[in-house]
Amino acid sequence: MQEFAVILVSSILINNYVLVQFLGLCPFMGVSKKLESAIGMSAATTFVLTLTAMASYIVNELVLMPLGLIYLRTIAFILVIAAVVQFTKMFIEKTSPLLYRVLGVFLPLITTNCAVLGVALQNASKDLNFMQSSLYGFGAGAGFSLVLILFSAMRERLAAADIPQPFEGAAIAMITAGLMSLAFMGFSGLV
Amino acid sequence: MAFKQISSPHGHNPQSTSWVMQLVLLSTLPGFIALSYQFGWGTFINLIIAVMTSLVAEAAMLALRNRPIAFYLKDYSAAVTAVLLALALPPLASWWVVVVGSLFAIVVAKQLYGGIGHNPFNPAMVGYVVLLISFPIEMTTWVTPISLLPEGVQHPGLWESLSIVFAGNTPIDGITGATPLDVFKHSSGLVVDQIYHDEALFNQASFAGVGWEWVNVGFLIGGIILLKTRIFTWHAPLAMLGTLALMSILFWDSGSSASPGSPVMHLFSGASMMGAFFILTDPVSSAVSNRGRFIYGSLIGLLVYVIRAWGNYPDAVAFAVLLGNFAAPFIDNYTLPRTYGHTARRKATDKGEDE
Amino acid sequence: MSDTTAREVTENGLWHNNPALVQLLGLCPLLAVSSTMANALGLGLATMMVLIGSNTIVSLIRNHVNDAVRLPVFVIIIATFVTCAELLMKAYTYDLYQILGIFVPLIVTNCAILGRAEAFASKNNVSLAALDGFMMGMGFLLVLVALGAIRELLGQGTLFLDMHLLFGPIAANWLIQPFGPNYSFLIIVLPPGAFLVTGLLIALKNIIDNVLRTRADESRDKPIKGAKRVRTTGHIS
Amino acid sequence: MIDTIAQHPMLAALIALVSLGVIFGGLLGFAAEKFKVHGDPIVEQIDNLLPQTQCGQCGFPGCRPYAQSIADGDAINKCPPGGQNTINAIANLLDVPAPALDEEHGEEEEIKTIAYIREDECIGCTKCIQACPVDAILGAAKLMHTVIVSECTGCDLCVEPCPVDCIDMLPVVQGIVQWHWPTPPATIDLIATSKMSSQEDAA
Amino acid sequence: MIIKSIRSNSIALALFALITAMVLSSVDNLTRDKIDYAERLAAQRALLEIVPPERHNNDLLLDTQPVPEAFWPILGLNKGGNIHIARYNGESIAAIIPSVTADGYSGDIAMIVGVNSEGTIAGVRVVQHKETPGLGDKIDLKKNDWILAFNGKSLSNTTPSGWTVKKDGGQFDQFTGATITPRAVINQIVATLDYFNQDNDRLFNQPPTKDTISTGQVEK
Amino acid sequence: MSRTWETPGGVHPPENKLQSMTQSIGHLPIPGTLVIPLHQHIGSPETVDVTIGQTVLKGQKLTTAIHSDNLPVHASTSGTVIAIDDHPVAHPSGLNALCVTIASDGKDQWIERTGIADFRRCGPLDLLQIITDAGIAGMGGAGFPAAIKLSPSNDKTVDTLIINATECEPYITADDAAMRGKTQDLIQGIEVVCHILNGPKRVVIGIEDNKPQAIKALRSYVQESSIKIVPFPTKYPSGGEKQLIYILTGREVPSGGLPIDLGMVCLNIGTLIAIKRAIVDGEPLISRITTVTGEACGVNRNYEVLIGTPISHLLTHNEFDENNCSRLIMGGPMMGFSLTSTDVPVVKTTNCILAPSHSEIPVDTPAQACIRCGLCAEACPVSLLPQQLFWYAQAKDQERLEAHNLFDCIECGACSYVCPSNIPLVQHYRSSKGEIRKANIDKIDADNARQRFEFRKLRLEQADKQRQAKREARRLVTEQARAASSTSQPGSSAADIIAAAQQRAITKKASPDQQKAKLERALLAAQSRLQEAEKRLIEATINGSTKQQTICSASVESARQKVDQAQHRLRELTD
């Protein structure tokens, strides 16, 4: 139990995927202008991350390792991710058209979110068991969601700020992310 | 004669922003006096350097941004930022430490966002954290409080202090040491009673840790003045102190070696009181509604405790405040008050006219 | 798209549509491996190679894949190049590979690469596509190296640190320390610094653009207002 | 079995990747058929933001075609009647930066104008009726024509076809009912103007 | 319709996968040996710094002994670890012992301590730590050569009171503003030496796990 | 019963009420000309009954209501109509509006008045008609026709009558003076209203505790009656209808709703006195009590002023010093609007003319940035977050503004008053509200235009298709003809066929009679649509939101235009 808590705290706060590990930055910058879309993106990404962590664990343990094909990890995982994303899309569309309308547009973007491949690769190199892998996947997603949602609320606020012209848009968003990352350094050493 | 077209209301109460800021400046006096008494001239020198740097930086940025300089300098906000940063820095820190901190605070954290009122993060705390991370040695070298100085040793006088700060002369041995929170953090394996017994920082204290208890009392007095003059409401500070106290009670476990310290120590050590009454209350970067500020304060209190108890940093107010700032706009979206005539509170993301 | 010229491709890649500063794609490696110039150069080169390769192949096969499998095929192509790059780096610059870590395989998900395959290579001929790959890669590389240089200099007070990882022993004494050996400003090296410096670079580009634009505006003729109007109601008899 | 495959790395790689390819390709094929995209709701949303003046200044025969073109990647700053507000709204919808209005397409007007036919000069040629995209002109052949004020979008398409030039575009009267408080001027403008006026005083 | 689409897409993708697989497996074939070599070189590097190639002629990587479970607590190991033995012509000359301390400023500090057969330190390297950059991270050889001060020290040639930082009256420097990290490292080195004294007979008298003399270490 | 509730927020600006209460209500000489704006209340416009040059008597109707929410205006004195044109009116915009200008003849001659001393004999509906004919609009604020407020509606009964004697604005003492000087009229007015409302269960006079003399005066009259006088602590803006209802009953008027939804009606002192006069004395609303105050006036005092009196007339009689006046305000300092000219006439809602000196209300200093201090939120009586509203107003984020309940802002000005950064918050809100309303109207217009454009396209397409089909048919015919002619009938030429086609076309075109019938049908349809739309507008006004109201008024407007069109075309045809 404690181990799980440690994994979660570590992947959400201390080694936050976005602010500390620099993974998933493109959607972080791209889909954070509106709170609503950030929430949608977060939900979709967390779901895909968790599922990918599980699926890539299986592929890695059952196919790549026994066959000595570790060098094919990258390509195998990216295929797995694409499949998971596709599957998620179908699944959601089938089960909840409402949810699909909210999340649908975000799903294709997730394929090229490096957080997803990052989780798969990191898990594979860390030699974890299935439960741990899934938890890392979920934690990564939760951490991504946390900062994405807070960041988008902040960017909405910045929309009316009197920002010097050259800094408007991407530049100030970067600087804001920098200050957020500064704040997140406070979590170092927690576990 | 044609008269001007002016929207109501006509007339205004006499409070102005610069008046508010001046009041905040005045209210830091008790804390400043306590700091100076306990740690010597260093704080005063920090203050002068920080204020000068901040004002120059502010003026320069305003000039670059083509804004009326005098109009904005008159609001005293740069001075408040500078003073609060200076009070948080270790006395006798090198001049360039103070300068870098002030520059970061004013230029990056404040003016790049559009100046007063627009910054989402607390400028003083941004300056502080940048320094803490970049120059850990300079930032963890604290002066020993007056009552713990060895026999015959005194804090350096003004000139000597100046030479330490500007010429980089190292302070005489024995006048620097760890802070109570620092000591506590690193006495792992000892039960609390033993720490209290062994460490001069604790066994000579009136309560909490030597020197720091009175600094905190100073800021508490200043804070109460501000509360009474209705510069801010009680929500954020009390929520923070309350949560901090609550957490330290919950994990006090009668002072075993794993205990992160007593409520009294947490409330009256480090930057607790200054944080609660001067930093959290920075209106610009905090949540907006009273409910929001309550949540914001509680969140910061919680984070302060978590980082102090289990994280890397002995004091965590600066980090916790930045994290709180980060969450504030989100909190704002979900803590609108219930408006007259509505049955429920609304969320900022609600669409249309009602419900 | 077919009327794009080589010159436009070049300008877009290096400046107007720079993947890092304008499109804000490929940010993860940009921020993660820009703590020293050597790292930046290593990853930048690898990325550029992959971009050129994938753009070329995608352009070659662009007329032979149908829509449903278009994306997966592109991804497979990119992943193949990345894996090759990974294996080669491991074999020849192992230490650098260790430092860059996960970001080498993550070139696959560098959105800039798939983005170029989709937006450009799949619509243009091979030579243009390859040029685009080169220029986009170059644009990315230049920004990455600039960022690396700034962060290394401001953060650790060095330049050309660890270059031997890339260029072998001859580069071992390239190291410069303009501020003396004891200088350090940690925040720039740490994650926050990556964001801050990138933000400043973007702002710098905006400032330069503004200057260029005002100059161009001054020299250009005023547009004829309303020149592009059409009649929505057809011709009038 | 696995052992034998593992013995031949080349074979293993082939089998692994090909089978992944087959499975995945199948999945995609399934998805592609099953979930064909129907219609493009974004066009609808963009069209909803356009002012529907139907003036053609954007270079398209009406607002909807322009909406379609935006959805296909055209610039969003070509609609002068919508002005900056519309550009901002579309930028917000599409999550792209908002450019300034492209002046080649025309200028944003401060006050809406609508067509007014000087009825005593009108010869009843019906050309304006044909020109009006929203049927805002009434009248029969050889009879005097008149503009329905509430329907006129102010596109001014009727002005040019009129052979006797009897159509004027007149600003809509801003009465007490339409009036609302203007946004207060920004502080720097205030200070700048007061500075200027004090300089003038001094001079 | 669906079946047809599935089939055609599967075939297309399979075709690509086929080409890819061929390309990749041949690249793998070409680079495999070089990569193996590079990996071993890297794994060996720290070991070789402690016991340089001229002092031994076995394969340090392969000649290992597990730490007996009884000693895990002393060495701060949670999951055990392997001790590398350096031999010159079959004779054990040094042991390289993994050791972890949890008393650092933040998180564990993992190091390897090389001890010569006579009990002096051959060298210490910190392999993993999370100490504050600019403060506690000077234990890393990349930042500071403080760690070299232990070379040649042993429990016998240095008094117990000397085995601590200067601030506490010992022989070793502390870092300005950070005493906790060096203290922790020093204490753990002492613990490791303690362990070595208790276990060295067994360590040095075991035969090599494999006949590694013939393999020799990987040459630079 | 006399328990009171406390509203959140509120401010305590200096009251400055004593200055104007040193003397009793005064009277001014009749001005030479009176300017009577035709439109002084909420509601639609009306038709003018008088012509230039006509002589009118005091109290004579100048306009006729053409719609149920119209109110007539009356001549305030006898004289000659000398102009009916646009003239500056009492409106924050400073714009002109249609006014009737009367040159007074100094005789001040009344028309015939028929008061009903024993009003209890009349039914409520008759009394309400008299109130409407007397042109009585609410005199406390928005100027809503009083009769409509008092009209019975089918599903709502009024059980509480609230009399707003708060007068929470600084400086203004018009109601205070009226309560002291015309207590009896007031009480009678209350009785009339009670009768109209069929005897509400509770009648409450809500009054701030800073008017002890008025309270005393009232008490002496109402000792034994069922009217409760409830004093409560002075705080601005307790006089807002919704605030007052909460203070007195602890209940809140639902957002977008009206007091009637709670079974309450709230009337101002002045309105009640006017009602008494209309019913008992037969006098229409032609004068009101107005406070003239401020340091730029040498005399501060309440006057009984004729509606239409130019402000300049008031000011000259009160030793106005123009050079010492920083701005001219109609109403109080918190909610009153600035006047740009002294030509503006007094209207039914003019309770105060405030001419402060430069030191009294100095020029506003430029606004600083909002520091989110929250003082405004502390002051807001309806628990809004003014700083957030301001922030989103700057960002022009209309969605967020509405989510933050912008339309619940009563524009009381408490937030601007306390803002340390001197931000003209209320103006921001007003401008944002205006923009949102305009955006809503634009949206309706756009949708309408889209429909018409698409309809037109469809029509053209169909016409095109028909034409094509016809051309095709014609081609066939000609071909056949050619084939036929080539074989047998060389005489029957193409011309014949064309003539035949023309003939067909002519018969197809409708006869004038048919056209007329069609137009009449269209007119009928348009009229019924108009009625429908008007009904909806009324419903929306009663219990709908502001947004609904704008939508409905827009549709009424367009329906009305359609009727006009149809009439116009019909006329064209019949002429």
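So that you can tell them apart, the chains are marked A, B, C, D, E and F in the order they are listed, and the count of residues begins at 1 in each.
To be clear about the criterion, contacts are C-beta pairs under 8 Å (C-beta built on N, C-alpha and C of every residue); 3 or more make two chains touch, one makes a residue touch a chain.
Worth saying up front: this structure is predicted, and the values here are computed from it rather than measured.
In terms of the distance between Cα centroids, chain D is separated most widely from E. Chain centres computed from CA atoms place E at the largest separation from chain F. Between the chain pairs A-F and A-C, more C-beta pairs are in contact across A-C. Inter-chain spacing, taken between the CA centroids of chain C and chain D, is 33 Å.
Computed from the mean C-alpha positions, the centre of chain C lies at a distance of 62 Å from the centre of chain F.
With each centre defined as the average position of its C-alpha atoms, the distance from chain D to chain E rounds to 66 Å. In chain D, the residues that touch at least two other chains are 9, 13, 16-17, 20-21, 23-25, 28-29, 31-32, 34, 54, 62, 133, 181, 184, 187, 191.
Contact with two or more other chains is made by residues 7, 71, 108, 114-115, 118, 130, 133-136, 312, 332, 349 of chain B.
Counting only residues that touch two or more partner chains, chain C has 68-69, 72, 76, 79-80, 83, 87, 184, 186-187, 190, 192, 196, 232, 234. The part of chain C that touches chain A in the complex is made up of residues 21, 24-29, 31-32, 71-72, 75-76, 79-80, 82-83, 86-87, 102, 105-106, 108-111, 114, 187, 190-196, 198-200, 202-204, 206-207, 210. Of all the residues in chain D, the ones that touch chain C in their complex are 21, 24-25, 28-29, 31-32, 54-62, 78, 80, 102-107, 127, 130-133, 155, 157, 161.
Residue ranges on chain E touching chain D, taken from their complex, read 1-2, 5-18, 20-22, 24-26, 28-29. For chain A in complex with chain D, the touching residues are 30-31, 33-34, 37, 63-64, 66-69, 72, 75-76, 79, 82-83, 86-87, 89-90, 93, 169.
Chain B makes touch with chain F in their complex at residues 1-13, 15-17, 19-20, 71, 75, 77, 114-118, 230-233, 283-284, 286, 288-290, 293, 332, 336-343, 346-354.
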